[in-house]
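One chain, subunit A, appears in both complexes that follow, with subunit B as partner in the first and subunit C in the second.
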Partner chain A sequence: MNNNKQSAIKRLLGTRGMGAVLTAFGGLVIIYIAFGIIDQNVFSGQNVMNLLRSMSKYLLIGVGQSYLLITGNIDLSIGSMVGMSAMISATMMTRGISPAVAMMVALICCLCCGVVNGILVGKFKLPPFIATLGTMFVTRGAAYMVNNNRNTDAIATGIGKEAGDSFQNFFYYGKTFGIFNTFWIALVLFLVFFFLLSKTRTGRHIYAIGSNVDAAKLSGVNVVTTTIKAYLVSSVCACVVGLILCAQAGMGNMEAGNMYEMYGVAAGVIGGISPLGGTGLLLGTFAGAAVWQTLENGLNMIGAQVGIQRLVIGIIVVFSVLLDVVIRSGNFGKKSK
Partner chain B sequence: MGEIIVSMQNIVKNFPGVKALDNVNFELRSGEVMALLGENGAGKSTLMKILSGVYTKDSGTMSIFGKNYENLTPRQAQEVGVAIIHQELNMCRHLTVTENMFLGRERVNGVLLKNSEMEAEAAEILSELKIDLDPRQIVGDLPVSKQQMVEIAKALSIHAKILIMDEPTSSLTAKEIEDLFRIIRKLKADGCGIVYISHRLEELQAIVDRVTIMRDGQYITNGDFTSMSMDQIIANMVGREIKEQFPRVSCPKGKKIFEVKNLNAGRLVRDINFSLYEGEIVGFAGLMGAGRTETTRAIFGVDPKTSGQIFLDDKEVHIQCPMDAIKAGIVLAPEDRKKDGLCTKLSIRHNLALPNLDLLCNAMGVISSSKEDQLCAEAVENLLIKTPSVEVNAANLSGGNQQKVVVGKWLARNSRVVIFDEPTRGIDVGAKVEIYNLMNKLKQQGIAVMFVSSEMPEVLGIADRVIVMCDGRITGQVMARETTQNEVLKYATDFEKKQQAV
Partner chain C sequence: MKHELLRMDHVTMIRNGDTLLDNLNFQMFAGEIMGLLTGRDKGRGQLIDLICQNLPISFGTVWYDGKIVNSYSHSNGNTNRVCVIEQTSHLVQGLSVVDNLFVLRKGFKKYFINERILQEQAKAFFEENEIHVNLLKRVSSLTSLERCLVELGKGLLLGCRLIIIDNPGNFLSQYELTQFQKMLRKVRDNQISVLYIGNHHQELFRIADRTSLLYDGSIIKIFEQDEMNDEQIAPYITEWFVPGAEAEPDNEAGILHFHNVHTKHLQGLRFVLHRGECLTILDRDNQIAQDILSLLTGGETCIQGHITLDHKPFTLNQAANYLESGLSIIPKDCTESLLFWERTYMENLTFLLDRKLKKSLIPGKIYKSIRKEYSHIVGNIINETSISNLSLGEQIALVYHRIWLFKPRVLVCIQPLAKGDMFVRMKILALLRGILKGGTAVLIITANISDTLDIADRLMVVENGTCVVTYEKNEFDQVDW
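Moving on to the complex of A and B:
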């Protein structure tokens, strides 16, 4: 039995991409402890809670973007879909429509964008960078148009203070078992998508088309539907993050989610997901999102300016990929053939 | 046994600007191996892609097991039992052996993948085929020959009734080819129909029952293999008589041009010593993985050397990177045309000009288009590159013409040493002879030619002197005219005795 257990652990550690995940988690621990030494407050329960909540958004965005990176594509429209989701749900709630309906409408709109992205890239073979650049502008435009180019009023003005509070608590301010709901929501979605990617046929096909789209097609994999599914995952993630931002502000902000698509790329890449497709584990994205938020949180705690924060994160992204490249070339020798 | 399982009549397929198939007929019976022969561009692969659902035909009828199919999809083809092993390896490099074998038809338990069941079955198929592989290994980490075996195992795992093999042996070793033939004979006995496409005519007699010959998109003839002579087959494929399969020209051996002393670079290049003389072609023979390609790469400066000296015209040259080699006059036509030899998305013109930009540019770095035109015109004329214009993308040429472009890149410079690594792999008989003639021409011009090839007949037929490598070392050196395949093979399998564990 012991033997069995050992081989299971060995197998888990031997999973492709696990090295990068472990490196990212190792980096996370080092960064966290380093900031903790500078400022004890980093270790405080209150800060840990805040950290978990603030990393949730990046985790979700990262998961969505990772799906696309693994297929060898990218989704630049994620940030704009976040804004659209926030604006649609907020606008409807200020007009007195119930949060449940507002959320459904926001979700449907995001799913439509996902389908469009998937068809443009999967069926019409547009370069994903261009296709989603287009939908990025279109959805941001839609976010502006929803409420006539203005941010919305407080959602409580429409659905009333009680319903407004409960919406805000559900997505942002409330806690369950002592931890902010935001984190639980992100964790549940993370687990669902983790399962989908690693244990199901769809997940296997997502890796396959990222690795070699022609081979996948010739093996009978439906590349179009698989691509659409991947874009649907990112649109679901974007929609939920939009709802979280709406709940956090208690209103809709037209610029909500700006640049988030790139944060998603960064989280994935720090966690060892190759932007060339075919490899990467969602656990890595988890580590990547955590590294990022720990950095931002730590730099904040020690009083660093936003400029410094951005600069450090940029260096970390490049450094983590560089590290991966160096480790790999060290391990496998000069296998340039 | 022996009933017709595939019948294709009057198949037509057009691609933009080309009629790829023009009224082609093809028949396959159960329990037979049918060789589909023809030069590159004859339409063999296109025809088989129609049979396996990759392409749809424009007109004609196709029936498989008596049922007519109009628009066959790859998945439908799989379901009726058509499996194809493509010429270009079609593997997902990042996935494991098992994952590749079951790609597109994963076993699921509701939504969960049944990984252990698939792994067990993959292991079973692999052991049945006597392929020594761990089903959990990542395909990208395997050597090409093993990847090829995975591809074959994958095709067999769907219990194919009709198996199409497009150049399956091009990257296999002699032993692996023997294994493959054993598998083919077993499938044949089980009643499968097998379509076998290969340019290596000499291997056909081991397995083939009937042949179908195509040329320029048209059906030429078919018949029993035993009732046709090799010359007849070649004449039908090429449409003209080929006088000599291995044209050899003799010229006097001149002075020493090039010498490699004690070259070491990793495990596959150990203590290499040899020299090349004016007026001779030196063949490098050996098994797959003997270190020949690695040796060429170390000489050319692609891979770092650990030690060794290289002399050109008795002067030592220091090669740290390919540019050093090119400047010194040592050039390499690499093994994998599409990966290392050409920028396939660029035109022939840009490919030919790429290594010669230093000659084509003026002092300001502006490319002179008239010089470029001249270079391209000369290359097309001297090498007989068949193309409507030099603006065509290199990817659109046939294998033989691509190889000519790879060679043409180097001929504009006054190179002293030309290294050919497997220049005839995957190209047809006619184009092979043109490549041989080209090497002969270089030899006559006093250029040292180093010719790496895994095909023994051509090494013995074209080279003057043969150096044999095994496991990273030079194990023998023979004169081509005085040796036999057996002698070369003996050297090629001259492995070092494994040291006894103490």
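Moving on to the complex of A and C:
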């Protein structure tokens, strides 16, 4: 029995990518304690709550982007989709349409973009960088056009204060069991997508096409469908983050989600998701998003300038990718020729 | 008196604590074809590199053309004039043959290139050596045989006195191999030496003047001309013999039928494959494997004729989902094209399990039971998290274990014995026997029959896309090698 348990733990620790996850979590603890020593407020309950809420956006975007990184692809349009989702839902609500319908429409629009991305990359074999660069501009353009090139008014002006507050509380300001709803939403979606990736056939196929696309084809994996599924996951995440941003501001902002595609990549790679595809655990993305947000939060609290914040985060991202490349090539401790 | 071209005296090469060449004694004379039979792959690549590049060695001395070129005490690292012809081309694909011969070589100093003069020189040289290749062709459009001939020609042009041929049976068809061997004999007659490396002793015995058996980095036996036969080598391979399985072919109906199938390279191919039967197709032109693969995986359809699986037409839709139809394929380079390098051993092993069970979610107890069952078969490597740590034999075995677990009704293998040493080949044959025993029909398409006859029940020889002769198991002794 004891032996069984031991071997299960050994197997868990031996899981590919678990090392990177543990490293990221270790880094998170060190960063958090370091900032806490500098400023005691970092440890306060209120700050922890805020931290969890803020990291939820990065976690969701990170999950979407991680799915694509594992398949060996990328989605540059995910940030613009966030903006489109926020603008579509906000515009409809300012025109008196119920939040549920507005959310559904935003979701359908994002899913359509996901399908288009998937078809362009999976079926027509366009380089994902180029294909999603195109859809990035298209979706950002759509975000601008939804409300005639201007931000929306407050959503409460259309659906009324009560419905507006409910929407905002549900996505951003409300709490359940003392923790902001934003975190619960992100956690539920994270668990769903975690299960999908680690326990289902679709998850295995996603890893398979990132690892060896030819082997996947010969093993009967439908590469086009699997690629579309991965882009659909990323579009669902983008849509939910758009709704969160809309709820946070109480209005639609055309520039919402700007640069989020890169935050998603950063959360993934910090957590050990390989940008070369085929490896990485979604648990790492959780750690990556937490590291990112803790850094931002901590640097803010100790009064570091925005420039310094970006610089530190940039170095950490490069370091993470470098670590992945070195581990893959097995060059640890070896002199290059 | 024979001129000694290459001599290796007690050569030992150790890398990262692993002894790759172990007290190796090896000698080659000018104007002979020496076969090198690799019992285990260990040391094969290092031996080639050592002969070409004089890599540092731990013990021993190497003489080339009468001079010490490498020893344990000193290695100048100079390269010997040796030409290696292997599966990977050493020519630049986008350039013409002439450019490859003259422009891309050390010592070519001309800045302005007069193509006409180069062509005339190349033509004269090739005619002198009786090499017949269109010199104006781009290398990318050459056949495998032409590519080998050009590389051979380039080697001779550079003054190489030793030609190393590494497993040509893997990339040349039976016909091409025969032509190439004829060329090698001509080269030998001009006092050039040939080191012919292979893992099929039958192939080596046909061409070599002597054959050395390389095993675990040592030469354990040299077969002289009169010793190159099955009886003499038997003691060295009996330990690898795996008893045959009792397949139970259904001699009545058959599972897979090719009815007068025409494609670009198939010209009316017809055969029937029975349950538990192994049919080997010897493709003399090395052309039909891709066509058969495309037909079975939905890549193309028959121009004429049709295929039936279980007496029902094998539709394009079925072909596109061939795994669901109970068909499995192991391509030539099976480790590269079927393994997922970032996934664990268990994940690779159970990759087709969802299709077999027709479930997206597979209960943990099934994985547990598979882990338990296969840990008895494969040992501790079942827990391996990085399959790149496995040996080539273990990686190939993993592919076959995956198929074994999937239990397809028909398995198509393309050149299953092309890769690996003699041990790996025996392992593959044992695994195929197990698969056959489970009732799977196995179709082997190969350009080199050497060992596949050990498990084959029938042999079909295909030339120009059509079957020219069929042998039953009891007629295999009549097969013309």
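To be clear about the criterion, the second predicted complex is superposed on the first by the 322 of 337 C-alpha atoms of A that agree within 3 Å, B and C clash if a C-alpha of one lies under 4 Å from a C-alpha of the other, contacts with A are read in each partner's own complex, and residues count from 1 in each chain.
Convention: a contact is a pair of C-beta atoms (placed from the backbone, for glycine too) under 8 Å apart; a residue touches a chain by one contact, two chains touch by 3 or more.
Since we're looking at a predicted model, the values are computed, not measured.
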Clash or fit (per the criteria above) of subunit B with subunit C on subunit A: clash
Subunit B versus subunit C as contact partner of A:149, first or second or both or neither: neither
Touching partner for A:278 - first (subunit B), second (subunit C), both, neither: both
First, second, both or neither for A:218, with subunit B first and subunit C second: both
Which of subunit B and subunit C A:46 touches, first, second, both or neither: neither
Residues of subunit A at both interfaces, subunit B in one complex, subunit C in the other: 16, 199-201, 204, 207-208, 210-212, 214-216, 218-220, 278-279
Residues of subunit A touching subunit C in the complex: 11, 14-16, 199-202, 204, 207-208, 210-212, 214-216, 218-220, 274, 277-279
For the subunit B and subunit A complex, residues of the former touching the latter: 54, 74-75, 78, 84, 86, 90-95, 99-100, 103-106, 108, 111-113, 138, 266, 293, 297, 302-304
Contact set on subunit A toward subunit B in their complex: 16, 199-201, 203-205, 207-208, 210-212, 214-221, 278-279, 333-334, 336-337
For the subunit C and subunit A complex, residues of the former touching the latter: 297, 321-324, 329, 331, 336-344, 347, 351-352, 354-355, 359-361, 383, 385-386
